[in-house]
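Structures for review follow.
What follows is a pair of complexes built around subunit A, which joins subunit B in one and subunit C in the other.
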Partner chain A sequence: MDKYIEMIRVRFLMMLAYRTNYYTGILIYGINIGAYYFLWTAIYGGKEEIQGVSVVQMTTYVAISWMARAFYFNNLDREMAQEIMEGKVAVELIRPYNYLGMKTMQGLGEGIFRLFFFSLPGLLIVYFIFPIQFSWDLSVWSLFALSILLSFFINTQLNLLTGITTFFLYNNAGLIRAKRVIIDLFSGLLLPISFFPGWVQSIMKFLPFQGISYVPSMIFTKGFTQQEAWAAIGQQFIWVIILIIPIQLLWYLAKKQMVIQGG
Partner chain B sequence: MNAIEVKNLRKEFKAYSSRSGLKGAFRDLFTRNYKIIPAVNDISFSVKQGEMVGYIGENGAGKSTTIKMLTGILTPTSGQIQVNGMNPHKERERFVQTIGVVFGQRSQLWWDIAVQESFRLLKKVYKVSDEQYEDHMQHVIRTLDIEPLLDKPVRKLSLGQRMRCELAAALIHNPPLLFLDEPTIGLDVLVKLKIREFLKEINEKYNTTILLTTHDLSDIEALCERVILLDGGKVIYDGGLHDLKENLADGKELHFQFLENVDLPAVKKATNGMPVKWEYDEKEQVFIANIENDDLLISQIIAVIVAAFKIKDIKINETSTEEIIRNIYEKGAVEVG
Partner chain C sequence: MFYVSMFFQYISQYAKTRLQYRADLFVEFFSDLMSQAINLIFILVVFGHTDKLGGWSRDEIIFIYGFFLVPYAVFSAFFNIWNFNDRYIVKGELDRILTRPIHSLFQIILEGIELESLLGAITGIAVMVYAGSRLGLAISWYDPFLFILFVIGGALVYGGIFVMLACISFWADAKTSIMPMMYNISNYGRYPVNIYNKLIRFVLTWILPFAFVGVYPASFFLGKNEWFWYAFLTPVIGIVFFCLSVILWNYGVKKYRGAGN
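Showing the complex of A and B:
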């Protein structure tokens, strides 16, 4: 376990090594939240609420989903693809650790770093600029914390899955991009799931995507009752378990037919 | 117990080939032609604990593939491998704890962070205790002279500096078996010498087994008593470097430079009837006589040539290892008694 915790620390150091990335990241998230805020106020156009969601709730939803995204989002799929394409994965495999576990820890290190040095200060700024409703209810916060941790795992598992496909496809840049757009759209980051047409919603119930962004954001904006929140968290948890199966299967196949590219 | 035991090891790759033209490219979308190519073709060898073995061969002979199977990265198509008493790819995590690997062409340190941070992480990864680390690594760091590099990020190091750090990183857990895949590629003479000396030292001190692949035969000459020669995925020679030289390098080369204008037929005519093979190196303007190692013959040829032409320079060379290896590749097989 020691080594995995050490890996989180190393990832912290790596994030600090690229400070410019860090600052521009804050800027980009700020712009995104601002843009969506103005977009939504235009859509509301003076209306009290749409689909039972008020404009303040919507703004809070947008702000909180972007801030949660900073935590669960990572580029593990792209990193893995690069490591596999350049043959660096060979070096990873001569170390006495689980490659996928180590990758997850790197993602977690990155997520924790962003949460504290990026989301929190960012949220504070956003709080003063836009009309946002914060709950100070401890039970909401703890449910939210649990939920974004599970979001992280679901998103990371999907990333690992996409990353492993590089072993079979050799170049999967297109797949990685497609996956990112699908997650942004279907996870409820751009649009709350309750705004989708009914038949789309019923399909999405059977997909893992809403567990990534919609669930934690709804919990935070109190769009869910406590009971609904627990049910949603339960669903997230089930997805985390289910996704282990294809990952292990693909990883097993990948190891069998692995080709180390570039000598 | 042998450190490495390999029996009938085989690794096949699918090699895809593209059809030509636009029509071919469309057909490739649906079905692709491929051939199965054995990169490593039924090789067997064993290495004893404490041996330093040179594993050599041309590009694409299957050296790196073998190393990757021995280190548990690749799964063999067939055959048995036993390294440090374990099956590398079956018990990978436990197995890699007992080996150290240096890939000359790729770094295993983390690019963006200071060297000592990488060391610290590796120390945790290999579960090395503080005392062990202090005891062993202080010495390694001193010998490789990397103390001043420890707080620099890897991306700021020169190749020679980085290689020394890589070597130190591979030795953090003091493994009984060390794989070096072209560790001296692109390094200057001083760094090369330092690395060689260091390898000899740890071999003596800890009885570390070392398997070394390289294209630089001087590395092999300096370090290894035994070489395994690979060609087309097959072992074509396995034995002492000394024997290889004894048996195959029994020739001598006489180099002549003349003051006057001489051509190849003229020298051939002068030594007519003697067992000599003449060559002319146009770049160096040297006439080379390849002959057997026979003192009498050497003197005779020199006598004849000196009497016939005006001499500028004479040299007597032994056939170099490189020459021997080249000859072996050209012939494709070795017969050593």
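Showing the complex of A and C:
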């Protein structure tokens, strides 16, 4: 276990060394939030609320989902694809740790770094620019914290799955891009799931994506009651467990038929 | 003439490398289509809850988006310079380019060519036809010519801005994340500029003229008289920005001292 915690620390320090890169990152997220802020105010026009969500709630939703994204987002799929294509994965596999577990921990180190050096200052800046409403209710914050941790796991598991497909496809830049686009839309990052037509929502219930962004953001904006929040968190947890199965299966198959392309 | 034959040689080489990983090429087509569809889905879902966006109807917004896809496809097929800093400056590949008797920017553009992106233009035209027919737009004999002119103008606006950004690498060889930032700003141009505040509108028109890639030229075909003047400015802005970027590039190449081995 120690070595995994060490891995979180190392990745955290590594990110810290390149922190200047992140100041521009905050600007990028700010711009994104700004674009959606204007778009949503135009969409609302004079309307008080749409689907029970007011314009202030919507702005908060957009802001918080981008800031949460900084925590759960990582490029593990791309890193894995790179390591597999360059043949580095061969060395990784002989090392005395679980490769997938190690990748997850690296992602977590990255996420924790971004949470403190990116999301927190970013949120503060955004708070002063846009009309956002924060809840200072401690129970909301703790549910939110629990929820984004689970978001991180679901998103990371999907990344690992995409990364493993490199073993079978050899070059999967297209798949990685497709996955990212799908997650952006169906996770509720761009717009709340409750805005979709009913039949889409009912399909979404059976997919893991809404556990990535929609659930934590709804908890934060108080779109969920306490009870709904717990149910949603329970669902997130179930997805984390279910997703282990295809990962282990594909990983087993991948190791059996691995082709090292170079190295 | 020499440049034309070089162009076709690069393309044939390019086709060979791409066809090596066919499964991925297919997935890439699919993922491009997905990302275009997702913006469309966003528009459709949003208009499920409102009738007008800053005075523009659903089909008009869809039309603007369809138009935007065409110059954007041309841009991403020919100006793939996202990794210019990494690939050419940090790894020193630019030294190889500079020893050859063709203009350096032309070579870099050829090496990064990604013809499959042109598929986006077909999607874009399909979207425009769909939205246009719902709006009952009539096509005059000069519309196709103006369309081509505006598309080239829009692609040059994009190309000019991103070449200028790539030029930053000549002076600062550290990695910057300014390109993804610009990409995000470019998304503003897909929606009618009148929904933004004055400052952003000014920036999108004169400083980072992304509005000339989407809303301005598209509004001409939508018959929005108040924007006509801007629509016809599209090719001018495109040429001005692209020329500026080439001048900056030439100047930057002179300053370039080499970083890799």
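Definition applied: the second predicted complex is superposed on the first by the 259 of 263 C-alpha atoms of A that agree within 3 Å, B and C clash if a C-alpha of one lies under 4 Å from a C-alpha of the other, contacts with A are read in each partner's own complex, and residues count from 1 in each chain.
Criterion: a residue touches a chain if its C-beta (ideal position, glycine included) is under 8 Å from a C-beta of that chain, and two chains touch if they have at least 3 such contacts.
Nothing here was measured: the structure is a model prediction, and the numbers come from that model.
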item	value
Fit or clash - subunit C, subunit B, common subunit A	fit
First, second, both or neither for A:14, with subunit B first and subunit C second	first
Partner chain in contact with A:25 - subunit B first, subunit C second, else both or neither	second
Partner chain(s) touched by A:181 [first = subunit B, second = subunit C, both, neither]	second
Which superposed partner A:88 touches (first subunit B, second subunit C, both, neither)	first
Subunit A: partner with more touched residues, subunit B or subunit C	C
Partner chain(s) touched by A:120 [first = subunit B, second = subunit C, both, neither]	neither
First, second, both or neither for A:96, with subunit B first and subunit C second	first
Minimal inter-chain CA distance - subunit C and subunit B, angstrom	7
Residues of subunit A at both interfaces, subunit B in one complex, subunit C in the other	none
Residue numbers on subunit C that touch subunit A, as the complex places them	21, 23-31, 34-35, 38, 41-42, 45-46, 48-50, 52-54, 175-178, 180-181, 184-185, 187-188, 191, 195-197, 200
Parts of subunit B lying in touch with subunit A, wherever the complex brings them together	13, 64, 68, 71-75, 89, 92-94, 96-97, 99, 101, 103, 105-108, 110, 112-113, 117, 120-121, 124-127, 153
Interfacial residue positions of subunit A with respect to subunit C in the complex	21, 24-25, 27-28, 31-32, 34-35, 38-39, 41-45, 47, 50-51, 169-175, 177-178, 181-182, 184-185, 190-191, 195-197
Complex interface listing, subunit A residues touching subunit B	2-3, 6-7, 10, 13-14, 17-18, 86-88, 90-91, 93-98, 255-256, 258-260, 262-263
